[in-house]
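Each of the two complexes below includes chain A, the first together with chain B, the second together with chain C.
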Partner chain A sequence: MKTPKALIITNFIILITFLLPTFYLIWRFLTFTKSYVSFFRSWNVFDLLLNTILLFIFVVISSLILGLLISIILVRFNIPGSKILFTLSVLPLVIPSYIGALTYVSAFSPKGLFVQLFSSLGINEIAGIDGFFGSWLVLTLFTYPYVLLICSSALRNLDSTVEDAARSLGKNRFNVYTQVVIPRLKKPIIFSGLLVGLYVISDFGAVSLMRYSTLTKAIYSYYEFNINGDPVIFYSSILIVLALLISFIQRGSEEARSAKVSGTPKISEKTNLSPRSKVLIYTFLSLVIFSGLILPISVLSYWLIRGLSAGNSVRAVFGGVVGSLSVSLLAALFSVIVSTPIIIMVSQYRSKFGNVLERIMLALYGLPHISVGVAILFITIKIFPSIYQSFTALIISYLIVFLPQAIGAGQASMEQVKSNYLDASSGLGMSKLKSFYRITLPLIYRGLFAGGALVFLSTMKELPQTLLLRPTGLNTMAIDIWSYASEGLFTQAAFSSFILLAISAIPTYILSTRNLTT
Partner chain B sequence: MVFDSLILRARSLSKSYGAESVLSNFNIDIWEGSIFGILGTSGSGKTTALRMLAGFELPDSGSIEMYNKVIFDHETNTPPENRNIGMVFQDYALFPHLNVEKNIAFGLSKEEQNSGRLQEVIDMCNLTQYKNKFPQKLSGGQQQRVALARALAPKPEMILLDEPFTSLDAQMARVLRDEVVSLLRETQTTAIIVTHDQEEALSVCDIVSVLENGNVIQSATPQEIYLNPISQSVANSVGDPNILKGFSVDGRVETSLGSFTSAYEGALDVSIRPECIEINLDSMGPYTVKECTFYGHDQVISFQNNKGEIFRSRSLPSVIYEPGDKICIEVSEVTTFPSNK
Partner chain C sequence: MLSMVNNNKQIKGIYFMNKKSISLLVACLMVFTACAGGDAGEAGPQGEQGEKGEAGEISQAALDAAVEAALAEEEAAVEGSLVIYSGRKESLVADVIAAFAAETGVAVEVRYDKSAALAGTLALEGAISPADVFLSQDPISLGVVAKEGLFDVLPAEVLDNVPAWAVDQRGYWVGTSGRSRSLVVDTRDTTDAEMPSDIYGLNDEKFRGRLGLAPGNSSFIAMVACMIESDGEEKVAEWLKAINGLGYTEYPKNSPQVAAADAGELDIGMINHYYTLRVLAENGDSPVKNIYLDGGCGAMVMPAGAGVLSSSQNKPAAIAFIEYLHSTSAQEHFTNTVFEFPLVPGITPNALLPEIDSLNSPEDLNWSALALWQEKAVELIAKAGF
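After this line comes the complex of A and B, so read on.
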């Protein structure tokens, strides 16, 4: 089918807008006047890069170990309550890294909550959790659920006759895991590991609260220090290249994932455990769930109750709530509007442009928010001053990083719209527009809604772009939480954190219980 | 063929999932060097039996011995990796992350791999040219060869084959069956083949057990099973006999196809294989040809009597029969069973 011209033009404009920040950063990077050598010397680039990569490596490895171990335990062993344990182990995913970091910082700072609670036992000061260790701990606890989700579903679908074959060839249970099961999970492991890696290098909230100097933290510090600074551009472009590289490798690993030997998979039976091993496993899982879920929620509750009983006003957080809700709803609404023509083009019309569009959109997934924010900031300052610090610029910036989520959800539902439905419709005398209205839209609106809900959730939690681009007077909960926490005002931060988590819970619940894509 | 040493003995194995009994009182004796067939329809419990012998599934009761050593009973359970029983799975279960050579080498220690055993097995199964390929890239027949090579490599005491040729097209299955059997014979490997295909069981195996609803109903040589089935259901599971009802008095039974001698008295089922009915064109004959299906090496003619009962005869392809032709018949062999009301 020939693609309508209007669709091509619309998508072309969207595509250009999307590529703009990346190209702008690269262009600025290439046209620097100072010599590169002096950059490297004066701005401790190597230290920052090393810190970022160190954190990347450590968090990826620890998340993989944790996520994989829990996947194997919950999928392959007979453990009473494994369903609820799975849900509890995945839940830390909904806690933004800066809220996680704030709970750990406030609980374990040298004179923090922990010391206050246990001062009667003679503990007056502890070393505190911050810097590399703190960032590593917090990022691991809030990213391992990605590995758990991806690897456990892969593990569930693994054909277990292959494992029977390995046993009949003389391998014991442990060897079967090291030689057959884990090697067969290689692709989901690489995919989820790199997903965690993307998250780590882009993270701003946790590292800044933990005072660990990575590229993202440096970008923001330089931005606060001097808005026209070349370092901001320079670091942002390094970060974006790093992210594109990871994202590229990740795509490659995903495409190769479908290779499969013929035959229907036989699902593995769950192995029974001795009472001793069960105790060991429950202890381990409790420890993980405690650190990732119970501790953060308890610490927040403590600060909330203390704040309320001290008579702190809740009214101060209202501005943030209203701000968050309005930008999130706007972003969700526009994401649906903008993603629809892309979804239609990619799934309904097989064309070269459609393929290119799809690939670029996929590649753009995982761009570091702070880099995109910086790019949009400088583009608005230098090229479009009329939208500098406007809602327009902020929403465009959100869409650039979150649109792939909306497209993904929409595309899944678009698979129901077989092209012969539209042929049948035009055979019955409907115009293309009428066919869209009467066939396509009723079939895909749930998927579009799901996509919008995802964007809503992500925007609610978004921090660095909002910090860089917010119009004067706009406050969001994320900004409130982060800035209160930075100043050590934990009771105020806890108010907003609770409201943020509570509001996020609604769309999360709807998305997880109802299959909105079909 | 004569077999003189018992390698495996299973006694009264049973297994049920909840209220559903999958296998009850399963007994077999496997002789060293023999090829043993377990014949049954899907759901008869044959794969469960095989998985128990291999150690993948725990029987609820019973015992398994290998070379007079208990490998399973109520207090012993040797794990599959220590049973030294090779297995070829229905869908081959090749390791998708390893190439052909590494798949075959999987069960071999480093020393064994270097001793030349690996190359020997690869040569034996004609896989030299595929050894660097991945399983996904191979045809079904080639995958089957790899699965067999992998199972044979560690020189197991015996090898279990679960519906080994079902996933292949008919012609490939026949070619591979011959190949596999001659390989097993050459290497004097003891084997158990589980199959639903009667032709496969009869042509390949030294001894066949017919399994139905989790029970072994007859274990014997293929000839014995075919010619002297112990019950009507065995007769049905090998070949496609005409079953007639009759009542025997003084050792003779009257049926629609004539009068025969019988070992039993009273109500009887009389089983007559199609190839035991010879037919001849005869314009005065009491039967009428209804349909003729031509297979090349033979043909099956269905005919009816004046009561409208339909029977089948298998004959050589030389004579052409048309529907409506009158025929007479001669029955060479019948088997009778007490009727199961």
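After this line comes the complex of A and C, so read on.
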């Protein structure tokens, strides 16, 4: 089928808009008047890069270990209550990293909550959790569920004949896992590891609350006290290149992942465990669930109750709630509108442009929010002042990073729209637009709605873009949480955190579980 | 709901703006008609010379009358809407701004951020800035905006409200309250005898692991800029490196340092004086107190202040707002709620404040000269590894 011109033009405009921030940063990077050497001499570029990469490596490795271990335990071993344990181990995913960080910072500062609670036991001061260790801990705890979801689903569908063969050749159970199972999960492992990695290098909230200097934290600090935008542009460009690189590798691994073995796989039977190993495994899982879920929620509850009993007013957080809901709804609405022509083009018309469009849109998923925010900030000041500090600019910026979620969800539902439906429809004399309205839309609206919901949830938790681009007077829950937490006003921060979690936790859980498992 | 109220205010503002623009438009039309009349006279024959003169006189009178009418209307009531970029924290100024809005009916929108960030933003925005007023917690950020040529010179009667030390020498901004650099100390873990007399004295082994500071704080940057101006780049870079080497605790702002000292987590923090007084006002038994250094940039008393952006379309309202900051009620708010030094003569400083004359701040600081060091200060702080 020939692609309608209007569709090509619409998508072309969308594509150009979406690529603008990246191109702008690259253009600014290439046209610096100062020499690059002077940047390396004046600013601690190497330290920041090193810090960012160190955190990336450590969090990816620890998330993979934790996620894989739990996957294997829950999928391959006979453990009573494994369903509920699975749900509880995935749930830390619904906690945004900055909320997680604020609970750890407030609980384990040198004279924080922990010391106050156990002072009767003679504990007066602890070393405190912050810096690299704090960032590593928090990011691991709130990203390993991605690995768990993706790898457990792959593990469930893994054909076990090879393992059986290995076992019959005398390999012990440990060797079967290290030499057979894990190598065969290579692709989901790489995919989920890099997904975690993208999360880590883009993270701004957790590292800034933990006071660990990475590229994202440096970008914001320089934005906060430098008149000259050069370091901000410089670091944003480096970060975006780093992210695109990771995203590129990750996309490659995903394509490979979707190539499935045909036929029904032979599913491995669950292994029974000795009582001693069971105790060990329960202890391990309890520890993880405690650190990733129970502790953060308890600390938040503590601050909330303390705030309420101190008479903190609900009114203070009201503006943030209204602001969050309105921008998130707007972003969701526009994500549906903008993603529809892309979804139709990519799924219904096989063309080169469609393929390029799909690839680029998916690659944008990994763009660090802060870099996109910086680029849009500069573009609106220098090129489009009429939309500077406007909702338009903010929503465009959100869509650039969140649209892939809407596209992904919509595309899945588009598979139901068979091309012969449309052929029949046009044979009956319906125009293309009418066919879309009568046939395509009724079939895909659920998918579009799910996509919109994902964008809604992501927007509500978004922090750095909102900080940089918010229209004057707009406040969101994420901004409230971050600014209260960075001032050490945890009772106020807990209030907004609770509302944010109450609205987002369940839908986030449902949608991520659906999206990340096959 | 809140945003709806805001929208209504904005609509009201636009309505008032229209009223104002209409009167200006009328004035312009009159001038235009007069000019057209003059042109006609010039083109006419010699005999009509007298008529031309008459036309000219009429136009001049009409112009004066129109301008006067437009000015009179603006003086009668400040109207329009105002966008304020506030580097001062919401909790410190929101009440004053709300009172101004309520008293004048001006619709006010405020963008809160760090002073330095807003100064940088203003410099980037240039002529397209939506801001009318920049309210800053430190004179360096004001100086940065002044250096970029983005402020209008303020009327003399506004500048004269406060002492000369708290005013920009070229009149681009005016102080609204005073604050002093100080050290907050936990009296349980420190003694007066071990305190240094100036900021360089903090570079001492006895303070290893006991110091706190907020490297991104505008006032800290201002202090470093002052140190570069008076002592030279090298000495400051050395001091920053030495302080970093002693092991310090980094804070995002000043207030958490006082909270940390109060909680016993921090011995000595480099802050502005009023955070400590706020804690003491709430709890007189708190073990924290301020040490005011004896001279040098660590004892600097600086103004928080405000200026009107040249790009503003609402200058009368902007100036009225700055004048409001000098009103008795605003000055009393600054001294009794925020514990700053009032700058307008005749306002009694809060009892917790030291005599401003007893502080040994460097004399005759040139704020615009210090602003030139802002970028260098940021660079030195970053280079020292903070």
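Heads up, the rule we're going with is that the second predicted complex is superposed on the first by the 497 of 518 C-alpha atoms of A that agree within 3 Å, B and C clash if a C-alpha of one lies under 4 Å from a C-alpha of the other, contacts with A are read in each partner's own complex, and residues count from 1 in each chain.
The rule is short, and it goes like this: a residue touches a chain if its C-beta (ideal position, glycine included) is under 8 Å from a C-beta of that chain, and two chains touch if they have at least 3 such contacts.
Note that the structure is a prediction, hence the values are computed from the model and not measured.
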item	value
Partner, of chain C and chain B, that touches more residues belonging to chain A	C
Contacts of A:Lys186 with chain B and chain C, given as first, second, both or neither	first
Chain B versus chain C as contact partner of A:Asp159, first or second or both or neither	first
First, second, both or neither for A:Arg167, with chain B first and chain C second	first
Doubly contacted chain A residues - partners chain C and chain B	none
Sites on chain A touched by chain B in the complex	159, 161-162, 164-172, 179-180, 183-184, 186, 259-264
Complex interface listing, chain A residues touching chain C	42-44, 109-111, 125, 211, 221, 223-229, 318-319, 322-323, 326, 378, 381, 385, 388-389, 472-473, 486-488
Of chain C, residues touching chain A in the complex	1-3, 6, 83, 109-111, 113-114, 116-117, 119-120, 123-125, 128, 130, 144, 216, 218, 221, 250, 252-253, 255-256, 259, 263-265, 374-375, 378-379, 382-383, 385
For the chain B and chain A complex, residues of the former touching the latter	51, 54-56, 79-87, 89-98, 106-107, 135-136, 140, 143, 150-151, 154, 167
